[in-house]
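Okay, got some structures for you below.
Two complexes come next, and they have one chain in common, subunit A, joined by subunit B in the first and subunit C in the second.
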Partner chain A sequence: MSLSLPTVTDVHVRQSIGVRSLRSRWTWIRQEPSETRSWICRLIAVVLALVVAGAYLVITVHVPDVLGLVLRTTFTTAPGLQELVVLATPFFLTAMAAQIPLRVGLWNVGGEGQFFAGAWLATAFAFSLPHAPGGVLIIGMLLAGAVGGAIWVAIPVLVKTLLNVNEIITTLMLNFAATYWIAYWITGSWRYPSTQGGTIESRFMPAQSNLPLIHLAGGLDSGLIIAVALTIAVGLAVRYSIFGYRTLIVGSGRAVSSYAGVRVRWVIALSLLLGGALAGAGGVLQLIGNSHQLTPGLSDNTGYLGIAVAVLAGGSVLGVIVMSCLLAVIMSVGQAVQIYGVSSEDVFILIGLLLLLATIAEVVAKYRLVRKVPTGGTARVPKEPVGLAPSVSESSRAAVAGDVG
Partner chain B sequence: MHTFELYFAAAILAGTPLLLAATGELLGETVGLLNVGIEGVMLIGAVTGVVVTLHTNNAELGLLVGALAGAVFLLVFYALPVVALGTEQILPGFGVWFVGLGLSQLIGVNYENTPVSSGSTVVRLPGIDRIPVVKELIGQYPWPVYLAFVLPFVVAWVLARTRHGRNLRAIGEDPVAASAGAGIAVRWWRTVYVAVNGLLGGFAGAVLAVIAVGEWGTDVTAGRGFIALAVVIFSGWRSMRLIVGAYIIGALLILADLGGALSWPIPSEFLDMMPYIGAVAILTVWALRPGRRAAAPGSLGVRLKYSG
Partner chain C sequence: MRTIDTESASSIRERAGERAVKLQLEGIEKSFGLLAAVAGVDLDCYAGEVHAILGENGAGKSTLMKIVAGDLQPDAGHMWLDGETYRPASPKQAMRRGIGIVHQDHQLVSRFTVAENLFLGWDGADRVGGPRSLAEQASAIVDRYGFELDPTSTVRDLSVGEQQRVAILRALVRGVSVLILDEPTATLTPQEVEVLFGVMRNLATDGCAVLFITHKLCEVLAISARVTVLRAGVRVAELGAHECDERLLAREMLGRDVESPSKGDAPPRAVSEPILQASGVTVRDDRGSLAVDDVSFEVHSHEIVGIAGVAGNGQRELSEAVTGVRRVASGRVLVDGKEMTGEDAASYVRAGVGHIPEDRLTAGMILRESIANNSILKMLHVETDRSNLTRGPWLRRREIDRFARQLLVEGQVSTSDPKVKVANLSGGNIQRFLVARELRAASRLLVAVHPTRGLDVGAADRVWRILLRARDEGIAVLLISEDLDEVLSLSNRVLVLSAGRIAGELDNTGAPPSREHLGMLMGGVEQEALVGSAAALKGCGP
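What follows is the complex of A and B.
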């Protein structure tokens, strides 16, 4: 991940590339990859995964030109584009929810739960003030959503900062708690009266809280605009603020940053709370922009997929936007091919492959094939004594256990 | 009233997949490999276990194939990037989870909610199965329950008392020294224990789906893989304490059924939340315990870069 401070180039000679004749003239050099280089490698990973998925589609679905058909309907028809926007909107914020803590080296895997918690608190707000004017309601719900998301991550934050309890597990566990919490309310006092049997949903939100449609391509919902604006605003704020700089410092080493006077716990807490708030706001956007009812289907694994977007995007806001759109295209294609017997959950296989390939790409990006200098040069770099040498990634280490922070 | 005996047995059964998965994860973490994707491995084990059982009417074969599927799956999607290519560990773990989630649904789409007719062999412990109450408490379970209970003791003995166990701990503590100083085949043993982790994870999933639940359903594990991860941390990397953690969560997992049966005045959704809250709670308790020192293997989660 390109989420580290620029470091001194560390040069190691990679000893073997397998082919003996080449070995005499070429060698691998290991160095911290540049932003561009790691981006290129990640993009190659994405393309590879997409090629695999496309090949799978072409082989299993016996319809000639299935890919072209699906892509054409997605990109050239109004419903296709509209669907794309609806799918992309929630990813921006759940991706930011994972990305900001990642700067500190923390995994916020609880985007799903925070998404629901935000939608829940916003629903509570809307139902308690059903006659408020639309503007007040929309802004109030967005704020309530942010608070709700932050509340949902508060316990993981508390135990992380005070006791250094692994945040991966705590944030993830609360996702499941959130689904049951929502189920309790929408089967109870918020239940939509005429729902029969299987599906459960809440009553509709007050009509004036519905986000206005913008008449582009036959009705774009303005949730996308809010989501993109919020993403860019927060992204730039984090990038150019002292806080954002501190997150990177803490991410590159907790002990050192506390020595340098950064209040590590504070940075950890703020980054997670900010992430939770963004996911919560994302839940509200989905609620007032799209579903207008609180249902378990409010999130189509949005929180989990947000993690994937954040990882693929690396540290950049532009990356979040590009990758969210790409994921929306993938999801949309996934839904479109369902009529051919491909389940939409198959998308998870693709996302998993994407993550694996992106991880491998990170390693590949660190190596560079260079021509050996005949005398001296790389040859003088001392050989590593054994086959192994640790390169501590402190973030993942401290994530497990330890007494840092 | 047989309620207590009934729910005690149900809690043990519910805790068994957790215990199996946690034992596998503990072995993986002992050699320094943190796999956060046990959830995906369990799902793969669950779906293959159910499919094989439905086709062959042989639950034993289903469990075995489920376990093997878990091992192969983890070798391909975790050992390949982490051990062979030297990537970092958390992201491939998430990859394993996602691929497992999708792949299991792809495999199981035509088998969803089809009950498994043939259960696994119930072993009646000789002697104990004559004592009235005790026999219902501990005397009659399917064989994987006993295996899951015994395994942590075996693991504890191997890790503490055998040369092989000491080698494994050396790998986890400091792979470079283990390789250079002690001449241990680090990559080989790490690969082997990724396979063992996958084997036990797949077995755990198969036990869950084939025996405890009795059918395949989308995302049947519902976070149990991550709970197992919590149980490992709770144990402080001592395998015998896994038993305590797994059965505590097992008891919380059946709380909703218990509340329904005894018509408690608590909404069932709150009882359903309990295992997840419980997992957070046991982690907190672990962190609060007096005299805490990180007992995690020294190289856990640390990325190694290989050359040659």
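What follows is the complex of A and C.
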């Protein structure tokens, strides 16, 4: 009895809003957000960003065979792979440092400062126990780093929970404080004696604190394994713990929190402290896994890029791992093409482009382009109205009659 | 097809005045996954008529209306508007064709002011003058329709009823020719319902078609010309309102009869003990002004104490103060003789207090989370539940799923899958789930604010029986409701709240107190009108 009509058959189509489309015959329809679809869109964004970057390299800088270069410099050679790992490792923990507070709706943009604070306290620990055995030193430094990162975020936590001061500003400002704090020590008592006027760096860490290389693919950094293990462990813990559940309640707003009797301040404090601790541990991994000296360039913006990774990853731990690796690839290729005269700023432009496209993808994933059905105009003659006569089911009609009679 | 009763058909045609069909739906279908929410519905709505849509919770009413308003795309079917093919790809297109909708969950921007919400996404307003001009235009509209609202206040600070008024005005200012109202009266006071009915009648007189969803059968009979009844996504009847009564409507809707529960006699006072004691309680609202002013009362075991009063007289703040959601400014609250003043909601849960909040969508539930995650919102505070649902600092997901499934069964919710997001439940099913959860928590005291809001007659009836059974089992119940009939037919005692103070306490065990007397206590002439209109709509309660 129903007339056939071209219909949108996607059962997930839920809500739609009009977006003025380029061609008026097409229209965007909002659809049920889905994890897979949003991941596909993000992936497309990544590919698109890489294509743009590749085109840029081929056209303006005349890099021949970009793809070959990328493969050569990253995936196929042992040094390339090793470099990739070195670059990816610090992202994991700084991304988690931003992601956990995001669950309660807070922006920890102080990963950079917490990273340095962790490295600083670990250095202090190492220099005060220079002859401790390697295992003690490594574990002690990691713990000291976590404590240092947490201490660095403690001030934002205090003013946030007691005075409700915006955490974005306080955590950001403390990044600059951390830089100067480090500079003070490595130009002072920790200064590497032979540096004369050149780059400033601290003395080397005790040799036994250096993370062992694992003989896999020509020497994998064990820092990566620690970072991935920590990331997964913390991710799972947040997902399956009472604390993680409480962050979810607090992230859903004040009304639910006070209805559910959750102590908002505690949850806020704990999530920021946990974030700070992770960033601090990230600093230590970089210190004992890679540079072995405390330097101003220790972080190389990982604290900030971690925020980008967290945003790209959404709420997922797997996302953090995938996006960290992707960012590492971009950085690594970026370093490789510098021999062709591409500046490091260009690499950051590419990362910016990637972020922009990923953010757009996030929105696009919620829509779907469909063919518009012409509205207006008497396309079909309406048939004789149905149901003008009331139709009552027999049983109830009888009941009514019974009532009357 | 169906048998056609020529007599009624002609009378309908007569009342419709041979008016044109405004909106025609045919074979509309919409599925969510495997669930057919709307399974082939035909509907005709005439210009100038108020057409009621009735159906159980989850029958597909809201889904059907969202399709008409362009929020959802149908899987199959055809629509005509004024005889022309109508297929909105977006709410905006629907709006341009003159379709206005007031959603069941208001969908306002909570951080915007009333005025900003009224004019959001609408080109008809003059924006050049800035916020002040917007507020002036808004207050002109508010006055024109006779609702009470402050255009400059932020929506987040408004009560649910006030938000409802904003949502209605939002649809009205856009100049509609088809107005869809999805359970607008659930959160309105009887006075406001009268105002709304006036607006609806005026619109109909002007040739507008009004589609009206409600669970209050008396309202259907009072305002609508025709009624379409949906059951499980299928139209089971289309009736002329003049030939219906409530029993018939309920039977068409549920397929069975509903009988009102009787309050029964409360056990003698001697066996009861005070469970909730409030003395000199003073509470401030979100804006810092005095909402509850020096209120003292007790709720004993084996009794239901009703709080009557016009909405906005401190009911919400009082309910939040005796459940730990809101701090008391002064005074004391005791539960089971234990000092609870200044404690948070967690302590109240531990003391065995359940709380059905006024604000079920923003406070009582996390809509974007699963049923499982919502089922344990407060349970982790109770030692016995906690030991069952958690191990050390870890959640036991399997146990939580089992617990959630139990709640779904107890609340007779339409789904049995704890992984479903709460946002995907129908409004009434969310309320069923919430009531089941809070009954679990309420081992000593249940604070129930509008416990039957949004429930169909069958489910409401069930909740009333559950409240009475809880009372008989010795649980103290504090019932806060704007529905005078609900309060009077369930409570042993009625407290009247007016301007944040208890204006009077009435015994309700024998003959019910006179409505005139109640009206006087609620405060002045205006409320006389309220009670009058409540009486006019009599029969809405149990």
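Here is the rule we use: the second predicted complex is superposed on the first by the 334 of 405 C-alpha atoms of A that agree within 3 Å, B and C clash if a C-alpha of one lies under 4 Å from a C-alpha of the other, contacts with A are read in each partner's own complex, and residues count from 1 in each chain.
Quick note on the criterion: a residue touches a chain if its C-beta (ideal position, glycine included) is under 8 Å from a C-beta of that chain, and two chains touch if they have at least 3 such contacts.
Being a predicted model, the structure only gives us computed values, none of them experimental.
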So, does A:Ile155 touch the first partner subunit B, the second partner subunit C, both, or neither? first
Identify the partner contact of A:Ala177: answer first if only subunit B is touched, second if only subunit C is, both if each is, neither if none is. first
When the two structures are overlaid on chain A, which partner does A:Gly188 contact: first (subunit B), second (subunit C), both, or neither? first
Quick check for you: in the superposed arrangement, does A:Phe243 touch first (subunit B), second (subunit C), both or neither? second
Quick check on the superposed pair: does A:Ala358 touch subunit B, subunit C, both, or neither? Answer first, second, both or neither. first
Quick one: is A:Ala255 in contact with subunit B, with subunit C, with both, or with neither? Answer first, second, both or neither. second
Just to be sure I read the superposition right, which of the two partners does A:Leu50 touch: subunit B = first, subunit C = second, or both, or neither? neither
Touching subunit B and also subunit C: which subunit A residues? 13-16, 385-393, 396, 399-400, 403
Show me the residue ranges of subunit B that touch subunit A in the complex, using the header's touch definition. 34, 36, 40, 77, 81, 85-92, 94-103, 105-106, 109, 175-176, 179-180, 186-187, 218, 222-223, 226-227, 229-230, 233, 267, 269-270, 272-273, 276-277, 279-280, 283-284, 286-288, 292-296, 299-308
For subunit A, which residues count as touching subunit C in their complex? 1-3, 5, 7-11, 13-18, 27, 29, 240-243, 245, 248-249, 252-253, 255-256, 258-263, 370, 372-382, 385-393, 395-396, 399-400, 403
List of subunit A residues in touch with subunit B within their complex: 12-16, 30, 107, 155-156, 159, 163-166, 168-170, 172-177, 180-181, 183-184, 187-188, 304, 307-308, 311, 343, 345-356, 358-360, 362-363, 384-393, 396-397, 399-403
Show me the residue ranges of subunit C that touch subunit A in the complex, using the header's touch definition. 2-6, 8-9, 12-13, 21, 24, 26-27, 31-33, 40, 42-44, 66, 70-78, 80, 83-93, 97, 226, 236-240, 243, 245, 247-248, 251-252, 324-326, 344-349, 355, 357, 359, 362-366, 368-369, 373, 376-378, 380-381, 390, 393-395, 397
